[in-house]
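The first chain written gets the first letter, and so on, giving A, B, C and D; residue counts start at 1 in each chain.
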Amino acid sequence: MTQLILEQALNGLQFGLMLFLLAAGLTLVFGIMDMINLAHGSLYMAGAYLAAAATQASNSFVVGIGAAMLATAILGALLEITLLRRLYARNHLAQVLATFALILIANEAVRMIWGAQPVPLNAPDALSGPVNIAGFFYPAYRLLIIGVGALVAVLLYVLVTHTRLGMWVRAGASNREMTEALGINVRLLFTIVFAFGAALCALAGAMLGPLLAVQAGMGESILILAFVVIVIGGIGSIRGALVGSLLVGIVDTLGRAALPSLLSLFLSPEVASNFGPALASVLIYLLMAAILFWRPEGLFPARA
Amino acid sequence: MNECRTTLLEVSDVSKHFGGIYALNAASLEIQTGEVHALIGPNGAGKTTLIHVLSGTMLPDAGRVVFAGKDLVRRQMHERVALGLARSYQITNLFPRLTVLDNVTLAVQGRVRDWGSSFSFWRPFSVDSAIISEAYDFLGQVALTGVAGRRAGQLSHGEQRCLEVALVLATKPKLLLLDEPMAGMGPEESARMVELIESLARRVTMLLVEHDMDAVFRLADRISVLVSGSVIATGEPAAIRADSEVRRAYLGDIE
Amino acid sequence: MRPTKYLTLFATLLLVGSSVQAAEANRTSLKVGLLSTLSGPGAGLGVDIRDGFNLAVKHLNGRFGGLPAEVIVVDDQQKPEVAQQAVEKFLKKDKVDFMTGIVFSNIMLAVGPPIFDSKTFFISANAGPSQYAGEQCTPFFFNVAWQNDNLHEAVGQYVQNKGFKNVVLVAPNYPGGKDAMVGFKRFYTGRVSEEIYTKLGQLDYAAELAQIRSLKPDAVFFFLPGGMGINFIKQFVAAGLSADSQLFAPGFSADEDVIKAVGAPMLGMFNSSHWAHDMDNAENKRFVADFQKDFGRLPSLYASQGYDAALLIDAAVRDVKGKLDDKEALRKALEAKHFKSVRGDFKFNTNHYPVQNYYLRVIGRDAQGRVTNKTMGTVFTNHADAYVAQCSMK
Amino acid sequence: MGLYESSKRRRVAAAITLASLLALPWLITALDQGFYISFASRVLIFALAATSLNLVIGFGGMISFGHAAFFGTGAYCVAVLAESGIVSAALAWPLTMALTALLALLIGAISLRTRGVYFIMITLAFAQMVFYLVVSLKAWGGDDGLSLVRRSIFGGLDLKDDTTFYFVVLAILALVLVALDRLAHSRFGRVIQSIRENETRMEALGYPVFAYKLVCFVIGGALAGLAGALLVNQSGLASPNLLHWMQSGTLMVMIVLGGVGSVYGGVVGAVLLLLGEEILAEWVPHWPIGLGVLLLAVVLWAPLGIAGLFGWGRSRE
């Protein structure tokens, strides 16, 4: 039985860390420039497609991911300079709609370039088998994802808390006007942050591509989860994004796995099998509504 | 100054702190019906915080506020306005994109006890001529009838400050909380505002928070001095001017 | 509303022909509405049906029973409401004479009623829901593929013969998935330790695989069409489960589209099908050769069904000599099916579902070393579906 | 901008459009294009849904990102009622509006405690909750949605006939627009628009702001429920896609295209989007890119929407 719980917990951790890659970029964009960017999911999709193309061209998974991250970072910077920069002063409705338009454009552009069918992106052969640690089997590729996710989390945490750039970013997140008043070129800072966020999205897209499918519209569902994460964690706070993503990752995975059997203990199996998955999929939204109800600014509000 | 004054507002030991800082520290104050009670004090003394607590924007951490015999503890702002306790804003806070007339008619329309609730979905407002004419009266009181049709955002700073007062008057308050009405005004504009307040003084009780000492000593029946969250003295203007405590803590050496 | 792609071979003649034709006896042209899933995880299936159908139209050089054919292709995006709008347009705007192509049973059930009410014949190249084989059977529904349960029944029969004791079943939570579970258990009477229903379109099976590992089955039967099957097999092998559980699937979770994406890990996997690309009859050889020439890949069983659907329409239109408005005659012509199918002979049951043989296949390497299916033997001969008794049509 | 004063010119324009819409079915049957009558009904139904959102966002200033929850729930309610025998529109539709109003009350009461961006996020979260709950209920058809047993019976009229159904939808939309026009000028309408302009000041003038916003949110939800009821009758299928957050986004696109805060903004936006979609889809491959660019242009350079350009929007400066 412990194998099942340990395996499900690792699955939750893996999903949480991938969510963090998206949430980190999103919370900074949201926190510093107070901008809702629905097109963040499209950057994740672009990263997955570019990784698939680069991996096929160079038939090396690592080169593929590196190229995808670089290309998506440049794409993100260009997008920010040309369009998003005009949206900072606008109200949230305008931001929601402009980035909603970007989703329509991105999905169709991807269909135009790569066609409607999913594009193959396979994990490297070396990792296509399981790892056996003292009798405990776990897919090697998912361990790689956990490793990469954890590494990026630590790097990001150190970058944000112990470097000058990180200090500017946190200052920008808590009070943008004051940061500007201190002479920090917030425009440039923000383009860097946005490009960095785009690169993280590409990494998540490339890592999750083999597990899910690289297809048009793949960004939309994970985007909503990323928003739930940053709202729970507190908009603008990296620490909040990390805690939020792990919380959502584990609650969602364990909920889906344990809830149906948990409910069947005291409900009739028929009702439990029907109500279990429903409750599981709704769990994280209930969690978010509850947190917003008691702490309207999230767990670690950046804007003190 | 007639003798038979009854207490309209009683503030007893109200405290409010933000983290470690005490904005209000057991402040006590008592305002009698019909008087113009000025509240002065250095910047950061807690004047605006007190107005926030009285108007319901903020809940105090401790202490009681009784208005016209009713305890205001859990009452929301709109209930306090209905009871007759209305506030103006230090930073102009109007409806810039609505006409001056619309600004005032909204204030008049808000008085449920006179005009009933605004949950009416069918009858067009244009037929509420009674409200509109009353709004014109208030505009008359602040001499803004000439600009009734213009957008509030296009008025001069002085005119906007007068519109602020008109809005508060339109709610027909028993007690009017004026938060630095003369803020940012030139000499002749503030002179006009002082005359306006003087004309209102006869009809409504006022708590006047103001830095302009000439206006304060001219308008106030009584003055309270708030320093770092506590009321250190209350009395007639002459007594306050003479009070050494006040002079040292706040006025500095006037001579 | 997906962009509609017109495939008109005699564009000008046709446009003039179809717009001016009154309702006189025989018409000068014919329209077929091909609605299929061309995007999303199920896209591989729809694309094969479309390509198979178009290949047949090419072999018939653009004419069904002598009438020039206009095939209108629309992508239903695997969404019932998109399909519903496309069907409304087919019936009321384009006024198509035949419809075909739908992959998923949930979409078939959503758009079936309006099609049959408008007396338009639907030639299903894949979806074979149990409802239309049983009490909701209708003269206007023909299925050249199978009744959903059949392939699963064949695998159930084989797993039963091989004496597996502890089986786990995995299928998506939609009508096709339920039919799969019922079909498998009709012929496999051993212990089923768990029936796992996944979300239709789900791609990450980490949670389900962990559950399967804890159940320690000796065999796992899964029905996950298209991209879903691809991901399940890859993750199943990656989790190391293939060491102690034998994987089984119906034909459509182990055909060319899945093999192309997964490759080596599928070696040794058993599956059942009514068609295989190595069947030796003249029609099949020509079909497989031309399909490979035109599309550069081995045809899957969906392609064979798309091809047969076109041949059936052609044969029926020829029998009624173009009189498409005589629905009764058209129905008899379709039932008579005067055409040779690439899978060899089969005949329609009274509920218009096929009665045919089902073969066992195993995935191995062929002469050129390619990973593909090899026919092993026959599991069922002239096998009919289990719902025909409930159908009132005779 | 001022409070919404519909000029005489705008009322004349609306009357002309209404007259032309009345004649539309005969024009269509003359051209033997029966399909477009039910397509026209679909456009009018989405116009109603967009108008209901415009009441919440345009007039009430509450940027709700979960309006599809009410639109979809309305559709599902009618489908479920039809399955359990209640088919008469006189009973099913008002009941559906009541249920969606209750849902809006529930969601609004909690969401309206938050501000700004968090309100957008929490309405999105509630809509996702409704989406997942409905999708996982086997009794309501799960992923496949619930097909309508038969169209509602509307008094003596047989709604099965597309033209009759078209006129019923047109009548309902016209009624709602008249009611909205009256509401925009009523006391409630003035208060709601003033809350949008300056919420804190309205509270300081003695208005129970929370109550007004909640009532506006509930009216919007009920009207969206009615639109859902009509849509399931038009399409015959209550599908989970109606509850998807992209549907909420599409409704927002319509009111921005048409003109946020103008009574007819929702109608103009719905017609532009759906008609544009239908025309572009015929001739322009990859048409969503064109739509995306158009939307970007409107958001960046025509904040008052297309209607704003023609002076149909809110009263000009």
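Keep in mind that, in the parts below, contacts are C-beta pairs under 8 Å (C-beta built on N, C-alpha and C of every residue); 3 or more make two chains touch, one makes a residue touch a chain.
Everything numeric in this text was worked out from a predicted model, so none of it was measured.
Asker: Taking mean CA positions as centres, which chain lies farthest from subunit A?
Answerer: That would be chain B.
Asker: Tell me which of A-D and A-C has more C-beta pairs in contact.
Answerer: Here the pair linked by more C-beta pairs in contact is A-D.
Asker: Round to the nearest whole Å and give the separation of the Cα centres of subunit A and subunit B.
Answerer: The answer is 50 Å.
Asker: Roughly how far is subunit A from subunit D, going centre to centre by Cα mean, in whole Å?
Answerer: So the centre of subunit A lies 32 Å away from the centre of subunit D.
Asker: Nearest whole angstrom, what separates the Cα centre of subunit A from the Cα centre of subunit C?
Answerer: One centre to the other, that is 37 Å.
Asker: So, what's the distance in Å between the C-alpha centres of subunit C and subunit B?
Answerer: 78
Asker: Would you pick out the residues of subunit D that each touch at least 2 other chains?
Answerer: 286-287
Asker: With touch defined as at the top, which chains are paired up in contact here?
Answerer: A-C, A-D, B-D, C-D
Asker: Contact residues on subunit A for subunit C in the complex?
Answerer: That would be residues 1, 3-4, 7-8, 11, 14, 111, 116-118, 120, 122-123, 127-130, 132, 137-142, 210-213, 215-217, 253, 256-257 of subunit A.
Asker: Would you tell me which residues of subunit A are touching subunit D in their complex?
Answerer: Subunit A reaches subunit D through residues 30, 34, 36, 38, 83, 86, 90, 92-94, 96-98, 100-105, 107-109, 111-112, 220, 224, 227-228, 231, 235, 274, 277-278, 281-282, 285-286, 288-289, 292-293, 296-297.
Asker: Across the complex, what residues on subunit C touch subunit D?
Answerer: The contact residues of subunit C facing subunit D are 1-4, 79-82, 84-85, 88-89, 92-93, 106-107, 109-110, 113-114, 173-175, 199-201.
Asker: Looking at the complex, which residues from subunit D come into contact with subunit C?
Answerer: Touch residues, subunit D against subunit C: 33-36, 38, 142-145, 147, 235-237, 239, 241-242, 277-278, 281-282, 284-287.
Asker: Which residues of subunit D touch subunit B once you look at their complex with the stated criterion?
Answerer: 1-3, 179, 182-183, 185-191, 194, 197-198, 200-209, 212, 215
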